[in-house]
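What follows is chain A paired twice: with chain B in the first complex and chain C in the second.
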Partner chain A sequence: LNIMSLMKKQVHYPMLARLAVGQTLMVNQLVDMEWKFGVTVGTSELQKVGNIFLQLKLVIRKGNSTENVYMELTLPQFYNFLHEMERAKASIDCFS
Partner chain B sequence: MADAESAKALSGLLNGIAQRVYYNNTDITEELLKSELYADLSQEQFHTLHEKMKGLLKSVASADMDQVQLEAFLTAQTRKQGGGGLSTEQAAALSKFWRSQRPRIRESLLGQSRWEPCLRGVSWRVDLQTSTSRGEPASSPVALVELELGRTGKDSEFVRMEFDEAKVNRVLKKMTEIQESIDSFVHQS
Partner chain C sequence: MAVLTEEHFSAFQMLLKAPSKDAVRQLCKDSFPSGAPESRQLIERAAATLSVSAGEAQRLLLALHTLSHHILFHSLVAPEQILALFPEAFHPSLKNLLTKILLEQSPTWRSEALANQISLPRLLEMDWRVDMKTASDSVSRMAVPTCLVHMKQVQHSQATPTLDSLSSVTVELSRETLDTMLDGLGRIRDQLSVVAGK
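And then the complex of A and B:
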């Protein structure tokens, strides 16, 4: 997973660099985050299931309008997200 | 066909069926499987074999059978009279195949029931803004976060967001609430 993050950073660095240079460029602000989680007990393809699902809805302001972004995470994906946000916070803490 | 060759062909057939039905590989057609594995059979004979193995695999997969259920199921199939029965060799091939592919096929089926994109990756960077056109305080750290979202078989979409320190803390607080809910649920069950 670390290697994948590294590759992605290399691919998208030009994009992030462009955003940093132009101070008038709007980068999206997270306005709200809603979530729900539960257990999937069965599906049309798989009769018995016992999987935890986690659905997130992010409300993001872009300019004058907002956009809803939906995603469904497995637990490992959620923990990875949480881990990365904690790392970002640790980085921010160095400067505050 | 010698036994080892026959077992190998059956294994190849099951793999080919799984590739198409569960792993989204549309290149593996029935015609391809026939020409590669069962060139000696007639079109009709192969089609019957293909449909039989596919039907059985689908039954096993949708019930997510464990070892006990699988053995009972296969035994019943081998005892069936008439053309629908399963040979012991075919039963053995299916059993061996399921034992190795069960987790992967199950994951594929679970993926089919997720209709929102999943989180393929998270990237971030923290910048120290020394000045802005709006005159905000100097040296305020800002986090840029990029989420990679994707559906099976489709290219990723990227969602980018900006967080100041307060926002990062709020988001983390919310995610901690989620984590605590998950933990308490997991420990109850």
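And then the complex of A and C:
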């Protein structure tokens, strides 16, 4: 009987630990990301344009509700963003 | 968008009274921004430079504004295209001077127009930091890495061009979220290279 209860503790402990960590405070947690990109064809100032734009929508959890943050990036900004996020991932991977 | 008329071209005659070619160039540059033909300061300055009444100066600024925006909208880049806009009997050296100045300024104006077009708030700056969570009220000892990303955005306002509104947001991502985000960004990059390849 002692061995059985020991095994039960070993099976459940990692899961319990993960649940507890999952409940740890996160500030402005990123919940979802949506995106679209397209081409600007014309504006009121310029009849013919051909700029690629990228639009991101970030869904952020603030307390009990979520907030949407919209922004637009140019292509160079997008590549820079991607590069920085890859660096962040490399940094976070050092700790696993 | 106002249409170019005979009246606009007759207003340009006032430029013949300008003290120098640079004065004409300055007037062209100053009259370009939206709202310029209504600016009291600008009207007074133009009236003083050309020794004309305020009403006349405003007519001129409006005419220059209409001409420069017409050229920008239709992307007129060849001198012949701009020269063709002027009426037959127009003063030839003034016509050439204006064409030269407008062609010079067009690339700057075009990039300004592109930078100021309506859009969602634009990303200005982005910083990130990786932290290590070591304790919390639910777990006294842990080693969980987390990523914080801070983004600054700017929203250009057409109504008040000098007051761009800045906003910023800081977002926390767990390792899994960061991985998922990178997946999404990678997909965007792949789609962009497909589009670029076409």
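FYI, the second predicted complex is superposed on the first by the 70 of 96 C-alpha atoms of A that agree within 3 Å, B and C clash if a C-alpha of one lies under 4 Å from a C-alpha of the other, contacts with A are read in each partner's own complex, and residues count from 1 in each chain.
Just so it is clear, a contact is a pair of C-beta atoms (placed from the backbone, for glycine too) under 8 Å apart; a residue touches a chain by one contact, two chains touch by 3 or more.
Here the structure is a predicted model, which is why all the values come from computation and not from measurement.
Novice: Check whether A:Phe81 is in contact with chain B, with chain C, with both or with neither, and answer first, second, both or neither.
Specialist: So A:Phe81 meets both chain B and chain C here.
Novice: Figure out whether A:Asn28 sits in contact with chain B (first) or chain C (second), or with both, or with neither.
Specialist: A:Asn28 contacts both chain B and chain C.
Novice: Common interface residues of chain A with chain B and chain C?
Specialist: Common to the two interfaces on chain A: residues 20, 23-24, 27-30, 33, 35, 37, 40, 43-49, 51-55, 58, 60, 69-75, 77-82, 84-89, 91-92, 95-96.
Novice: Show me the residue ranges of chain A that touch chain B in the complex, using the header's touch definition.
Specialist: Interface residues on the chain A side: 1, 4-5, 8-9, 12, 16, 19-20, 23-24, 27-30, 33, 35, 37, 40, 43-49, 51-55, 58, 60, 69-75, 77-82, 84-89, 91-92, 95-96.
Novice: Using the touch definition up top, name the residues of chain A that touch chain C in the complex.
Specialist: 17, 20-21, 23-30, 33, 35, 37, 40, 43-49, 51-55, 58, 60, 69-75, 77-82, 84-89, 91-92, 95-96
Novice: Under the touch definition given earlier, write down the residues of chain B that touch chain A in their complex.
Specialist: 61-64, 106, 109-110, 112-119, 121-128, 132-133, 139, 141, 143-149, 158-163, 165, 167-169, 171-172, 174-176, 178-179, 181-182, 185-186
Novice: In the complex of these two chains, what residues of chain C are touching chain A?
Specialist: My answer: residues 1, 69, 72-75, 110, 113-114, 117-123, 126, 128, 130, 132-133, 136-139, 142-147, 149, 151, 153, 169-175, 177-182, 184-186, 188-189, 191-192, 195.
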